Each structure stands twice: as C-alpha cells, then as structure tokens.
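To keep things simple, chains are lettered A, B, C and D as they appear, and every chain counts its residues starting from 1.
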C-alpha cells in the first residue's frame, strides 16, 4: 500500500468512527448528516446519498470533484448537500474535513432564532479557530433552508467571503456545518459546538 | 437453507437489532412496544406478549395471520396490539414492517395534544414517504387509548382509509406506530419521528 | 453445584446486570442505590454498604436476616437501608426482589411534591401489579427522608399495612423503592416507574 | 515491576477509565477537562494539554511538580490549568486525585448564578467529605473565569485557606473541580456533584 492509499484508508476509518459516535449522540438520526474530507486540491471523499451515518463503511463514500461530480463512473450519488462541501474546500485551502450534523438542539435553535446565534463567555469557545479567551462573542450565522443546493451554496459562499473566520454555520430546521484542518479537528469542533448549543437551550430555559 | 428461510432469518435479526437499539434509546421501556414484519400476503411475524424488546430472540416472536391468530399451535400469545399490525398489512400491500415504540416524548405529546401533531419546516421530514421538501405540514393523528384493540383497530383503519399517506400515528399515553417497505425503512422512520417529537417538545418549551 | 447454589448464582448475576444497566441510565450515581433478593423465608442477599452499583460483583453482596444482621461473621456491612428491604420481605411473602434506585427525576419529584405522586392515563401503568387499564390513578407515596432507618422503616411499614397494593414508594431527595415476584419483574417495574417519572416532569414543564 | 511502578500503572489505568466514562456522559467534550493524581509529596501526574479525555493513554499524561513544571525534558505541555491542581495538592496533604469536568449543567449553572451554588436536602450529599445527613446546606463557590491561571489559582487558594472543607468549586462558563483521597473517591464525587447539578437545573425549571 502506498502512502496515498494509507492516508485514504485512515481518513475513511476516521469518518466511519465519527459517524458511529455522532449517531450514538443522536446527532445524525435516520439517514441525516453528511461528511467529507479533502483528498487533493480538486477532489474530496464524501458520503453517499441515503446512507445511515451510524453504519458507514467504505461503500458509503465516493470521490467527487468540488462540483460534487463523481470522478469515475458509478451508480452512487453523493449526499444532496455535497456541493456545500466542495464550495468550502474551494474557498478555504486550509480546510481538510467537513461535518454536517443534525441534532435536536441545532435544529430547534436554528428554527427559533432569526439570523444568528451568538456564543459568549464559554471557556469551550477556545476550541474554535483563532480564539484565545472566553471574553469574546462568536457569531454562528443561520441561513434559511433551501432545497435548491446550488442557490444555497452561493448564499453561504457570499457570506463566508465576507466573514472568513466563521467557525461554522447553521441551516434552519436542518443543522450544523463545521470544519477543520483535519478530520480530528473538525470532529472536536462538532463536539464543542453541539455542547454549546445545548448550553444555549438550557440558558434560555432558566 | 432455502431462500425463504434466509429471508426470515435476516428479518428476525433486523427486528432483534432494532429492539436493542430502541431500548438503548429509552423508546421501549420494560416490556412495552411491539414489532412485526410481513412474511407473505396473509401472514406476519410479530413479537410475543410480555417480552422485553431490548432482549429479543427468535423465541420472542411468532407467526400469525392478520387477525393475530397463530398459524400453528403454540402456548405463546402475540402482543396485545398485534391486530393493529395485521390491519395495516391488510390495507397497505406496500407495507412490510411495522414498529410500535413507546418513548417519553411520544407519550407526553400524545397526552397533551388533543387530536393531532403537526410537523412543519423540518429537513428531516424528507425521510417520510413521498415528501421532497421541508416546506410542508405533516399531520400525525392522535387516537385516544383503548384497551379494546378490535375497536381501536377499526378507528385507526377508518382514519387511514381516508388518509392513506399518513406516515404514522400516535395513541394517547401510549406511543408511536410507523411502518415502511422494509424493516430498515421502518426503523429510519422511527428514528426520524422520535427525533421530531423531541424537537417539538423543545420548541414548545422555548 | 446443587439447585440452591445454581439459583443463588443466577440471582447474583441478575443483580450485577441490573446494577450495570441502572448505572448506565444514571439511576445509581456514585455509591447510591441498594438491591436485594429473598433467599428463603427469613433471609436475603443485599448489597454491601458503599459499593458502586455499576461495578457490583459477588463480593459486593452479603446474606442477612430481615433485621439486616449478617448470617455469618464478616467485616462487611449491608447498605444502611437494608432494614427497609427486610421489612418488605417480612410483610409481603410474594415479594422476592427489591430495588432502590436514585435517579434525577425521582429525586426532584420527591423534593417538590408534598406527599404523593399520582400517575394516570399511561398505558405503561399496566406493568404494575394488578393493573389492567390505563384508566386508573396509581398513588406513589412520598415519605420524608430520615437518617434513622429504624424509624423510617416503621413509617413505611405502617403505610404499607394499610395500602398493601402500592407498587413502590419514594423517599424525598433520595429516590425510589420498588419490588416484584422475581428480580426480572422488579427490574421491569423500575424501568416503568423511572419512565413515568420522566413523563411527569416533562408534562409539568409543558 | 516494583511497587511504585505498579501503583503508577494502576493510577494511569484509573485516569484513562475515568476519562472514557466522563466523555460518555458528555462531561469532557472535545479536548476539555483535565485530571491528575499525586505521585509523591512534591509531584503529580497530569493530563497533557490538548488531549481528548475520552481517548487518553499513558502518552497523554506527564509528571510535573506542583508549579506544573515537567520533571524531565519533554516536548509535551501539561493542561493549562495544571497549576490549579498543584495548588490543591500543596494545600491539602490528604488530597491524592483531582478531576476537572466540563458538563452542560455545570457550565450553565456557573454562568447564571452569581457567587455560589447551595445544595440542600439531598441524600447524595452524604458522598461528600464529612457529611452524615441530608439536613445540611453545602456551598459550592463559583469563581469568575480567568485566562491568567496564576492569578486564578491565588484567588481559589485564598478561598480554600479560609474554607478548607469545600468539596469542590466551579469556574464560571467552565466547569467543576473536585478531589478525593483516591482516584476512585474523586470520581465518585464527580458523579455525585454532576448528578446534583442536574437536579438543581431541573428544580429551577419546575
């Protein structure tokens, strides 16, 4: 096995592990959620449409370009939202992995709040890129849901062009997108943001 | 092993797995819940009365007709609500598996809401049959609980005759019935609906 | 191994399994909770004081009479509340197993409600002894906590002498006692009552 | 293996187990939390900065003095808050293990309450040091978060000099510190306090 294959195998294993963990947390119910990792400057591996993320295996992923077109002939289709992944890889060369999770807390907060969620005063914010203190306000934008993913990807990309240090975004009634320089880093950001969403729900109830 | 036996074995394994998963989620406490799968146009396999669904094995299921009468002599009885399963198989030839779960969220929503639960604007609604967009309102009817299952099955069947595209129903203080073309599809719908019940409870509290 | 030993071994295994399960649910945090099973008309096996119920083994149990006195010389002490178990076995010959769990929901409800918790209209009530319908009100008494277990056991026993069909009781800020004709039956009643406590908390919040 | 090594190996195993358990409970999301154990009168083993506590191994810990300086040359750094651990070991010779957890309930309560959390009337308070009855009020102080750990450790140490029987403390938006005479005892106190934080949140909502 050459070095590229070994790296690909490790990436697949990390995505499978993340899927099992996220499912056990209730963050990717049924066939929701989608995951990806950058393989090179113009292609990515991304989860197949309709697969259960708690039961991923290598058959549940395929390689596409950043327009979400498969690199080789296949009867599989990538997740409907794969274009949102490609758009992120194209814009930010430092991103190497992206997770979309679909938790109760993210779903409900993104339905109830109009445009954004502001996170302040949490020590755990220091997990997010470039943040060194809890004395800060981090803005998570909330975009309206849209079944036209091309149109949605343009809305998101325009926002991120102007706000490149966003640590993630929410889609209303749908969930979280976040990313990192590695699969591990992206997974830690999912853990941190889902934790903070739960804190925000609890604070609003007390 | 012939093909029919292999299919039966796989179905049994899928029902056992579903039971363990639902129990771990808290959706079938004690001996609550019941599960079935269609075996042919006139018979089904269904869980035995009083079995714990987190500890199912093949002894915990039996084969009955759609009136819930065992096909062969046995000292086991099917779940009290087996007739609700048979009625669904008789009405809808495309249904091949049915799950009744009994979660806290389904129990409480079905006690508090008078006739129905309306689900709107959730991306996860697209898991349900025939739904292509979140911009829709899905109606889950809530029937009063009744210890007379024959009478309850007529009430439910009359409703479904008029509303054949319902994705499931609730019984007050009792829980969810949902179904699918396969055990896997029915299980995904349980996951999606239980997730949405939790979202609905949380939205009402915020 | 003779028959009595085989039965004892099975009982120990069932109590160990129940401890692991209850701990995973968060119902016996730290060293809280205590469990027992009747061995004969005048003795019981009961958990040792200070053991973690998620990590029970046969060293974590000992045999005592119904006054909670060990039957043989030992440096172990039974759980402080063992006398509550013995009192139940003495009063009700049909009880063969008792669980005391210590969940968040039981703790909070028993702190907030003055004398009793009334459970009505739940299908799951049918798990409790002698109940055939959801159209019933079941009373779970709540006793004030007391570090004097002899005094507390008299209060409880006087109550149960007058209300022998109670399915369990709560001690304020402390948790649930429930029982059954077998370890399995007692465990199902724990599952059912803890589920109903969670439903009651949720109903009061909506 | 000599006796000191055997004890060190056991301590490492207990910290790894605690990390996995705390992570499964959601109490150390992402790379949050830090753990330590006293090795001798002037040194401790403490978790390495940036390690995930659910995936600890012996590489994820290092030995430092009570100023948090490594005892041997290494490219690893201890957790940023290691000085808070050293300060506790220096003040209280009876402390042999310290856990810092970072749960949703501790985070939210410590954000919302101004100076302290008072715990009363819970049976589980008897897990805390020196407490024999539920009829008591236990004070958990809440300190403002501070990225300057030297300054924070002085604030905490001054408080504990005057209130030496505190069972733990909270840092606002950050979580719990608690300790014990052994790793096992410290872990039981984490379990008890996190349980009581959840009870307190629930009581405030009802």
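Everything that follows uses one rule, which is that a residue touches a chain if its C-beta (ideal position, glycine included) is under 8 Å from a C-beta of that chain, and two chains touch if they have at least 3 such contacts.
Nothing here was measured: the structure is a model prediction, and the numbers come from that model.
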Chains contacting each of subunit B and subunit C, listed by label: none
Shared interface numbering between subunit D and subunit A [over half = same, under half = different]: different
Centre-to-centre distance between subunit D and subunit B (centres being mean Cα positions), rounded to whole Å: 45
Inter-chain centre distance, subunit A versus subunit B - centres from mean C-alpha coordinates, in Å: 32
Touching two or more other chains - residues of subunit A: 205
Graph class of chain-chain contacts, one of line, ring, star, complete, other: ring
Which chain pairs touch, all of them: A-B, A-D, B-C, C-D
Sites on subunit B touched by subunit C in the complex: 26, 29-32, 52, 102, 104-105, 107-108, 111-112, 145, 147, 171-175, 201, 204-205
Of all residues in subunit C, those that touch subunit B in their complex: 121-124, 127, 132-135, 188-189, 191-192, 194-195, 198-199, 202-203, 205-206
